[in-house]
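First chain A sits with chain B, and in the next complex the same chain sits with chain C.
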Partner chain A sequence: MPNKTFFWFFLPTGLAMILFIGLPIISTGIQSFYAQHDQVVKEVKKCDPFGCTVSIVVDQEKTSKIREEKPLGKFNGFGTYVDRNHLAIEEIGKFWNETNSFGEFVDQVTNLPFYKALIFTLTYCLFVTPNVLLLGFIIALSLNAVTRRIRGPLIFGTILPMIVTPLVGSLVLFWMIDAEGIIGANLQMLMDDPYLSLKSSKTLTWITIIIYGIWHHSPFAFVVFYAALQTVPQEPVEAAIIDGASRWQRVRHIVLPHIYPVVTFVALISLMDNFRVFEPIIGFSAEGSAQSLSWLIYDNLVNEEVILFGSAAATSMMTIVGIAILLAPVLIRTWKEFRTAR
Partner chain B sequence: MEYGLDKRSNALKIFNTTFIIVWLLVACFPFIWTFWGSFKVRADFFSRADWWYAITAFNTLIETGGKFTTDAYSQAWTEGEFWKASRNTVIVTFFVVTISLFLGTLGAYALSRSTRNYAFWILIAALIFRAMPHITLVSGYLFPFFQLQIWGILPTTIVVLVAINQPFTLWLLYSFFKTVPKELDESALIDGCSYFQAFRHIIMPVMWPGVITAGLFSLMLAYNDFTVTALLLNQENHTMVPKIQSYLGTNQHEGNLMWAVSAVVSATAPLFMLVMFFQRQVISGLTAGAVKG
Partner chain C sequence: MRETNMKKILISILFLLFGTSAYADCNIKSGSINILANDFPALRTFVETAKGCKGSADFKVTHSSEHNKIAVPALTANPSEFSARIAANSSIVPLMNQDLIRPLDDLVKKYGKGIQDSQLITIDGKIMAVAFMANTQHLYYREDVLKELGIAVPKTYEEVVAASEKIRASGKMQYPYAAAYKAGWNLAEEFVNMYIGHGGEFFKAGTAQPSINNAKGVATLNMLKKLAGLSNPDYLTHDSEAIKVEWESGNVALMTLWASRSGTLLDDDGDAKITAATKLTGPATVAGGNIPAATLWWDGFTLAKNRSDADAEATFRALAHAAANKKMVADAADQAVWLIEGFKPGPKSIGVIEAVKMKAKPYPMLPQMGLMHGALGSEIVEFLQGKESAEQALKDVEAAYMSKAKEQGFL
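Moving on to the complex of A and B:
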């Protein structure tokens, strides 16, 4: 296709992506270097029969004027990146000097908002992604062994958790797990602890969200693996059976190598999706004990008094860096393949 | 897969059946339970005393005189203004699907027929864009949208969702157009058609299977979106998913939690029906590009 024709065909979609994905990333980058204005204060002298007092109050007029003039805020450079709510360089240095043991130091650092969220996000990715691959693969294998006639409805049932939006999915589970719901109430009875609630402990909340993540993402892995299983060639499988290979050996040495490229694809997609975990935290109302990077950004953007654009943007930029690190191996591999293909 | 040689032991068969039944229960029961509970009053579905009430409908019987009640639905749809939210969802979904398919087919067709290097790089860029968490993009939108005073209205959200949706649509339709033989449109070009005419008369009649799949995914994205709609729309224009969340926030109202339950059922039901009808397309879409490795 000539360049000119390509240009006209691609222009609309290219424009949409540049304007609403490319530019926003740049806009986020710029915003991250600015911080909201401080309030302008003035001294007010107040005199009454007992004497005069000087008090400091916010000068509303001047504050709103300066906000209107420079809506982006004041230039802050990398200030937002290193402040207490983000990388907290200063605080970490202080903790390093003040704490006695390494454990205590780690404890202090992981209590800082950004590191807390980072650790939750990584833990979530680390536990959900492998389990999704495993569960999806097992479901695909077992469904593949079922009579063809009833597979349709079974597949429909299997993919339900995936097609609902995460907020709805997590709410539906939350209502059951909650102390007043069916599972929660039965757990209380089983453990003989009337105050047991999945919300009350941090560990239990994390486990719940991770289980939700596996529940929500496994169907995707299942669908892809299931389709891949249909393409496994029959001859080597039959040859292996004749040679006396056990079922496990067949899966290990014939099926798995065949679908290996698909496994990496699913792992990559589900890693990308898990890294942006956010809605389940709202669905499970777990803000207290589990915060993710995306949730931090959301929290800044729905801040009641003044929207913390700078802070949200700084967290966003660091999230994008995180995504870039996750994607790097794939991109490098594609680049190498592309070069050898030429 | 029926292997002629492959005999399964009974133990394996039993294990397999049990596993599938357990998994289906895990996957589907939450939805069945919520559907069931949405016809009860709050004191039954969220019972402090005994969860069994949700089945026997103890309080529902006392409060409404029947074992099932549709109060939660009627209140959420009228008083809770869920009708407005669902109307907004219909508008947003309709326009997002149409516009993204229009842009996506043109772009993906061009990508699939181009042999240049830049086509490869555009696809890689689309992959990177696909990986961006939506919330990071939203944090980039908010400030300029406030300044331009286009925040809170439906058209802005539609355009944003279309753009966010493009990378995936492009990849999906790209791999679909790759399966359409090049000779088809090349013969038309030789006969003197322009590329656009070839697209209009040769490609359009055969592209519908791919377009339906891509359309389903755009629909699911627009219908299910929370991040963009919650932050870019004002209260008045909220679509269904942020509306559900707003019912949760106002818990002091006795009825509101049940509003959320009935709203969840109302929002989920059409989606399930759709997937039931188009199951084949959804599955082929999820595996497009994956199976070829």
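Moving on to the complex of A and C:
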């Protein structure tokens, strides 16, 4: 495609992306550098049905004057980024000096909300992405081998997890693993431990969410791989069969190299998706044991009675940076291949 | 022509039938009313009563248990999405902080006939809300289970622990205690209650500096952990609704729950035997204290600032009609502890009445309390899971709170 044609072809999408993705990101970035003005409070008398007390309220007259002058708030630079609820630079330095062993230091750091969330997010990515690729590929290969007559219903059944809304899917599993649900109760019987609860143990909650993630994302990998498998040329495969190549050898040396670009694509998309893991945490009510970066943003925006825009914006920006870092190796590789291909 | 005549006749007949006295001040000619409220039976009754007085004004209502998440953004818009918000002690604070609600003095003077002075929430001499019901968390117990095992009705949390252990030892129930310990707002609320029961203060006097990392804080956490050990192991995912279900399935014999939920607990749904054995008592005290480990709450209505005066007037008239409605209070005496004149407390109001008698403290209405509540909800979880010490958990709460308070300009 000539560059000019491509430009006109891409223009509407590009404009929409700038408007709906680019500008909001810039606005979020600006927001992350600001904090609220210092609150002006005053002592007042408060009366309610239970009696009168002296209490504190925000002095609206003075506050509104300051707000009108600087509606964005107080410039805070990277203050929000480095505070205890985010990168916690100061606290980490303190832990380094105060702790006696490296293990203790790691314990202290992973107790900080941002790092806690980062570790869960990375663990989730690390376990879910490769398993989704593997499982998707195996299902695609197997389905490609069954007779055409039953393939349709089988494909439908396989992509069902993707069709089910993430929240509903996780809720169904949530009830099943309840101490009185079908899985939870049976596990208690199997393990002979009436106190076993998949929801109260941190490790078990993580495992549940990861298994759910694999279940939910595999169909996507399957669909793409299945489509790619249809384009594998038959001649080399037949030639390999005549040469006596085993099934595994054919997959390893003919099919995989052929669909390799598609694997990269699925890996990229999966990584991006998994880094933003959020719905299962809500669906499983797992806030206590598992927090992700996306959940932190959500928490700052809705769980507090006060909305912490600065905190949420700072975490958002760091999530974007995190995704960029994760994708960098794959992107660099694709770019290099693109250059050599030209 | 004939049709309009018919209409006139019909209207006259309706007026004759239903009388005019009750609706005398419901003659609202214009304006639009849109209310945001939490979702439980008493509030539905209240809003329905207000609707009966809407006159020819538009009337809309949103009942949602997610009301806290919607309120500030919806009232910040100008004009505001809602003309009124049914708030409580804690949820009025963010509205006050952001200057989103209007003083009601002139409207109370003009249309507030029948509203008692004790219903008015005044801050710095201005009426900011009109309360209509009171709420608290108190103990529920299964009379049959306690009687069978010869256990007296517990009055302190130490007795609750002892009783629960006895029930568990008897083999009758594995997890005899329940409370809403869901990580987040609910769990933090339990901490607030228990900490107040220990006589604790959340902030250094007159400042926004936290002061919960002390012996009282540690004792509070230890008591919460003891109770959690007697609850269903999934307690960190259980909110008020979930423990209500546990109770109705007969898995629980002692429970701390909101008074406003007693109505649904004692209705005809579910096992009649359990319902008959479900009894209410006041909130428990803890650690030898006099005041109960519970907080008093009021529910009342506030009016949005960013809405026209005409809408505010129409909304106030409709809501004031409900907030001074003796008929509603008599019909729905079971649903809540109404603060409205003419309320005769029934058996379901025992919890709140006992709490008031025992001089329970109201939930602290400080501008920075929401941030403390948020920090508590996420940072004490690891202590309950046995992953860190009580001191460490309290240190984390203070640190998390301070970062947030700095960002919000309180420190």
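We adopt the following convention: the second predicted complex is superposed on the first by the 272 of 342 C-alpha atoms of A that agree within 3 Å, B and C clash if a C-alpha of one lies under 4 Å from a C-alpha of the other, contacts with A are read in each partner's own complex, and residues count from 1 in each chain.
By definition in this document, a contact is a pair of C-beta atoms (placed from the backbone, for glycine too) under 8 Å apart; a residue touches a chain by one contact, two chains touch by 3 or more.
It should be emphasised that the depicted structure is a prediction, and the values quoted were computed from it without experimental measurement.
In the superposed three-chain model, the partner touching more residues of chain A is B, compared with the other of chain B and chain C. When the two structures are aligned on the shared chain, A:302 is found in touch with chain B and with chain C. Shared-chain residue A:99: touches no atom of chain B or chain C. Once chain A of one complex is fitted onto chain A of the other, the partner contacts of A:131 are absent, as it touches neither chain B nor chain C. When the two complexes are overlaid on their common chain A, residue A:50 makes contact with chain C while staying clear of chain B.
In the superposed model, A:276 makes contact with chain B only, not with chain C. Contacts of A:178 after superposition: both chain B and chain C are touched.
In the overlay built on the shared chain, the residue A:123 is in contact with neither chain B nor chain C.
In the superposition on chain A, the residues of chain A contacted by chain B and by chain C overlap at 178, 285, 302, 307.
The touching residues of chain A, counted against chain B in their complex, run 1, 3, 5-6, 9-10, 12-14, 16-17, 19-28, 31, 71-72, 138-139, 142-146, 152, 154-161, 163-168, 171-173, 175-176, 178, 180-182, 185-186, 215, 219-220, 223-224, 226-232, 234, 237-238, 241-242, 247, 261-262, 265-266, 272, 275-276, 278-279, 282, 285, 293-294, 297-298, 300-302, 307, 309, 312-313, 315-317, 319-320, 323, 326-327, 331, 334, 338.
Per the touch definition, chain C reaches chain A in the complex via residues 68-69, 72-73, 89-91, 93-94, 96-97, 99, 118-125, 131, 134, 174, 182-185, 206, 232-237, 296, 298, 339, 356, 362, 365-367, 370-371, 373-374, 377-378, 381-382, 385, 387-388, 392, 396, 399-400, 402-404, 406-410. Taken in their complex, chain A has these residues touching chain C: 35-39, 41-42, 44-51, 55-58, 60, 63-64, 74, 76, 80, 83-85, 91, 111, 113, 178-179, 194-197, 199-200, 202, 284-289, 291, 299, 302-308, 310-311.
On the side of chain B, the complex with chain A involves touching residues 1, 3-6, 8, 12, 16, 19-20, 23-24, 26-28, 30-31, 33-34, 37, 45-48, 50-51, 54, 102-104, 106-107, 109-111, 113-116, 119-120, 122, 124-144, 146-147, 159-160, 162-164, 166-167, 170, 195-196, 199, 220, 223-227, 231, 241, 244-245, 248, 260-261, 264, 267-268, 271-272, 275-276, 279, 282-284, 286-287, 289-291, 293.
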